[in-house]
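Everything below concerns the one structure shown next.
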Amino acid sequence: MDWNLLISQLVNSVQLGLLLFLLASGLTLIFGIMDFINLSHGSFYMMGAYFCGSIVAATGSFFAGIIVGLVGVFFLGALVEWLIARQLYKENHLDHVLVTFGLILVFDALVHIIWGPSGLSIPLPDFLNGQIQLGSLVFPIYRLVIIFGGLAVAGILYLLISRTRLGMLIRAGASDRDMVESLGININRLFLFVFALGAAMAGFAGMLIAPITEATIGMGNDIIIIAFVVVIVGGIGSIKGAFYVALMIGFIDTMSRSYLDDFLELLASTAAAETAAPAISAMLVYVLMAVVLAFKPTGLFPPTAGNR
Amino acid sequence: MINRVKYSLLVAAMALAGTAHADSVKIGFVSTLTTPAGVIGADIKNSVELALQHINNKMANLDVELFLEDDGFKPDVGKQKTDKLVKQNDVDFVAGYIWSHVLLASMNSVLSANKFLISANAGPSQVAGKRCHENFFSTSWQNDQTPMALGEYLNKEGIRSLYVMAPNYAAGKDMVAGVESIFEGEIKGKDLTKWGADAQLDFSAELAKAKASGAQALFIFYPGKAGPAFLKQYQQAGLQSVLPLYSVFTVDAISLPRLQKANIEGVLGSKNTQAWSPDLDNAANKRFVGDYLAKHGGYPSFYGAQAYDSIMLISSAVESVNGDLSDKNAVRDALRLANYESVRGPYTYGNNGMPIQNFYLREVVEDDEGRWTTKVVETVFENHQDPYASDCKL
Amino acid sequence: MVNLSCTRSGKVYLGMLFLLGIAPLLFQWTNQPFLLDLLSRGLIIGIAALSLNLILGYGGMISLGHVAYLGIGAYCVGIPAYYDVYDGWIHLSLAIVTCALFALITGAVSLRTKGVYFIMITMAFSQMIYFIFLSLEEYGADDGLVIYARSEFPVWMNMESAVSLYYWIFGLLILTLFFIHRLVRSRFGRVIIGSKYNDLRMQSLGFNTYGYRLTCYVISAVICGLAGVLLGNFTSFISPEMMSWTRSGELIFMVIIGGTGSLFGPLFGALSFLFLEEALSLITIYWHLIFGGLLIALVLFGKGGIDAWLRKLDK
Amino acid sequence: MTQTMRADSVLSIKSLCKNFGGIKATDDVSLSVSRGGIHAVIGPNGAGKTTLIAQLSGQITPDSGDIEFDGRSILRAGMAQRARAGLARSFQITSVFLEMTILENAMLAVQGAQGHSYRFWAPTHKDQGLADIAMDHLMTVGLHHRSGRIVSSISHGEQRQLEVAMALAMQPQMLLLDEPMAGMGKEETFRMIEILSLVGAEKTILMVEHDMDAVFSLADQLSVLVNGRVIATDSVAQIRSNPEVQKSYLGDSCA
């Protein structure tokens, strides 16, 4: 066993898990509170990356890109809520899926028109581009930045949810919407805020990953399905569930990508193992979901509702 | 309402098909215009348009009608579009195809209709070997050849062990097979990563493995958008000093400007192999690259060069039969001669329609105007034929 | 239940079916082989949409994994053909058995969940199938499998020519329509419809709805698998890409565009979807923008889909 | 606790308990419903009446205790199985099929009583065997002349009547009625009392009800449920004069 490799892969899996959490936490809130399935949540991830990339290109400052990008996605989220999502909370899930799928197409095409098909690279400031030596291990600094950024946002979200009045309302909304309404809260404004907050977190995830993978069209469409898996397995509306499951899926995905082919070679020919390994490691996430739902049909951490 | 729409669509489609001229050369061109890979398609489109401009949109005094189709990076869509070109537009030639799996899915539609298929990029081993066809010609290469050239160079450099990474699809497997077939050292490890519209772009786990493997060098094949993403992560992981990078079809005129923008200087000086380079010294190439630079402000990619050649190849055949496309045998014989000024210099065709051509080692350099581009260092293979030609029974 | 030929919408539907029946003659006459292709494809997808509508529209089971069966059906042509087994009866029976088995197993697990969880677990199972085929090096994996010859049947019913294949498709379409028409009016169908509206109530009426829903799910999967056999023959190529979850999403949209829970709606929803896709992509490479906009507008303003619009004729 | 165990009891509930996150919704409930009578369970809001019905019908599984129906424990049977065994239930919130006609609703219930429905071909609307029986039950509740109406277009009271007709159509031994008068006006309540007294002559009924007038005019036996516990079970007259019941229930809510 190569311990250095194992530790590197653990770090990588935490990084992936936190990115997933940033996406999934907003998704699970929107899902839990508004009962709204937002397939286009991944579009905010993409828009975050593009906003940030444009600002970086214009100002040369990565941090300006992050700040302005966050504000931009927050307002974009608010706009989508106000224009479209709000009309649909009372409709059935099928309508949500249809409309938000339409939104994905619209966002992708808009990005294609505005930024072209080639994608946008986001240069990092030099001090983030290097590596850091910890004992015999070498980590790319930026990967650690992603981890700290993700943890910081998770921490802020935790404080917001557990320590503030707003958080109390959000928590209450996730488990019992009628209760919040009966408290005389302006439910429209709460929904608007939650939606925009979720969008901003997704956008933040996009900004974090874009310096590595570039901002590209449709970059959110693949990861959003994994984020949905996180939400479902974690239990709809459960931030805690989203956190644990995101880390778990990050772990499963990274570890299977790094060790599965060696393992499969014990069972099948090398050529077959090489082809099968990436597919099977991608499949494990779905196997996990199916198994969890088979035994716990409402996910691992369903938010406990007062009445049922 | 929808019925009326449907009806008028039907009428429109019929009208569209009815306008086809009898006195024109019809060329269908399939590439990828949407999805992030659309950036390749854009370069190809520019080059095809430039080629048509260079021949004044005429072949043997016939107007050229070009039907550009988008495969959406999906084999089944590519096949659907190919069927449309063959059946509705009744084209004489179908050219293009960036992706091997799209070509494999689509080729039967063209060949069984007794039309000519000119691959401007994809060169899967199946087409070169068992599934070869007399109406198939390539203006690119067979997938294995370029990595073979690289493997040859690695041997010469005395590199003894290698880690290999490529996307998990037809071309990726061919590339890996190509380098493995000729590399004499040890392959320390290999990763085939998820490809397609939702390709894997975060290579953290694989890079960590590659580094831990203790290999002397890293071989990769990451075309399109995955290339820059990979190179960035490679640099961020600080692997330049530990694990020198050798690539095929990854560092090109599409990725270099973006790498330059992102300050990925690690790529400067890196080596790759290719059958073409923008600095190749021949008249056709100078005209192509010069005009492309003037028109679009950047270098054309090898995709563009091959697409440009595909139009020129077709043109040469149409000219030689004086526009009489009904004589398929004559057209085929003319194509087989490759009697045109290719931007890669002269080459010939093997029995399987694959070029027999030179392969060069190229280095990434900065040109006089500060743009990053590639420059030929040496010729690795001369008049190289692909290894599958012997499997082809033509 | 009113008879089809008595209402104006019914007459429109029957008229369109008639047009579909004579379409090959029209296309041959006008020399439009590609339109026949387009229509063949449309009808195959249409059958798949009808089968999805059986569980989604009538049974309220929103499956985001239905294309898996289309893909399994197609691979049931492709894999035997890879071993030079071209007997059509083998292909058909293989597709029926495989789809039924897979539906039985996955349905038994999936139907324990409700609502969004059902949507996601069906998606998970179809992704598994997608990745399984993606991992099968022998059958082309990512690159897909080219099918070099069509399924073989006795001469009088072979599917060699484009027209004879079209009539195969048309035949299955008519059978499917008639079967679903009878099914939803039978005792079984009433139970399925009842459990869509109120599953608890159905149980309290003594129906073990789980069993009925599972049966319905299996029937729907088998129909979709048969459409898959035709799809494999039609495209003569099958790749895992054809089973990705987005394609299942598209299938749902076809059902909604056509009108959920209506007999003919999904068929014409599928045809409109595909024609629109084809037509818009002719106009501009940015066609997704228009298409997406239309989908949004459809939900916000066009309740009930094509079927609802046509039914306005009846009033 | 008053516990009357008679030999001829159809349904007997033994020490039934159900907790929801620390709240005792059903707290050691024991009851016995004798054959042929109307047994009513009353209690304030949140006393656990609907939870009790839900456990009897199989919708909710109790934490402990036993339910015997017709001498056999039905604890392990699912909802559908209990319904087929002759224990029919109506719901507090009207849950007839709004999109179907009155007749179609009743026919579904008849279908439920007639064994399995794995019949895929013959259309039900031509099935005279189903329709005739359904019409009989609709006649009992007085809806037969409106059988073609879509349920969403009839009044709330009529929907409640349809609920009862559907429960009857299952040909049960016993009916579990969850607030059959819920949300009804005076007229409608009166009509329902009439129907239920007619039905009660033939079937055993266990009903949960708020409307005291209705309960007092219909029930033979009464149980009072407060905070998940049965505080009294007795005849109507006895309960009316029971001081504890007066204090804890009747006094407050029926001012």
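Letters are used for the chains, namely A, B, C and D, taken in the order the chains are written, and counting of residues starts over at 1 for each.
The definition used in the following text is that contacts are C-beta pairs under 8 Å (C-beta built on N, C-alpha and C of every residue); 3 or more make two chains touch, one makes a residue touch a chain.
These numbers were taken from a predicted model, which means no experiment stands behind them.
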{"item": "Of A-C and B-C, whichever chain pair has more C-beta contact pairs", "value": "A-C"}
{"item": "Label of the chain whose CA centroid is most distant from the centroid of chain B", "value": "D"}
{"item": "Chain A and chain C: spacing of chain centres that average the CA atoms, whole Å", "value": "32"}
{"item": "For chain B paired with chain C, centre-to-centre distance based on mean C-alpha positions, whole Å", "value": "36"}
{"item": "Separation of mean Cα positions, chain D and chain A [Å, integer]", "value": "48"}
{"item": "Length of the line joining the C-alpha centres of chain C and chain D, rounded to whole Å", "value": "43"}
{"item": "Multi-partner residues of chain D (each touching 2 or more other chains)", "value": "none"}
{"item": "Interface hub residues of chain C, defined as touching at least two other chains", "value": "141, 285, 288"}
{"item": "For chain A, residues contacting two or more additional chains", "value": "112, 221, 275, 277-279, 282"}
{"item": "Contact footprint of chain C on chain D as seen in their complex", "value": "57-59, 78-81, 83-84, 88-89, 91, 95-100, 104, 107-109, 111-113, 117-125, 127, 166, 170"}
{"item": "Complex contact set, residues of chain B against chain A", "value": "33-39, 41-42, 168, 173, 190-194, 197-198, 200-202, 204-206, 208-209, 211-212, 225, 228-229, 232-233, 235-238, 254, 258-259, 261-263"}
{"item": "Chain C - residues contacting chain B, complex", "value": "12, 16, 30, 32-35, 37, 41, 141-144, 146, 148, 235-237, 239, 241-242, 244, 268, 271-272, 275, 279, 281-282, 285, 288, 306, 309"}
{"item": "Chain A-facing residues of chain C, complex", "value": "62, 64, 109-110, 112-117, 119-121, 123-125, 127-128, 131-132, 134-138, 141, 245-246, 249, 252-253, 256, 260, 285-289, 291-296, 298-300"}
{"item": "Complex contact set, residues of chain C against chain D", "value": "1, 182-183, 185-191, 194, 197-198, 200-209, 212, 215"}
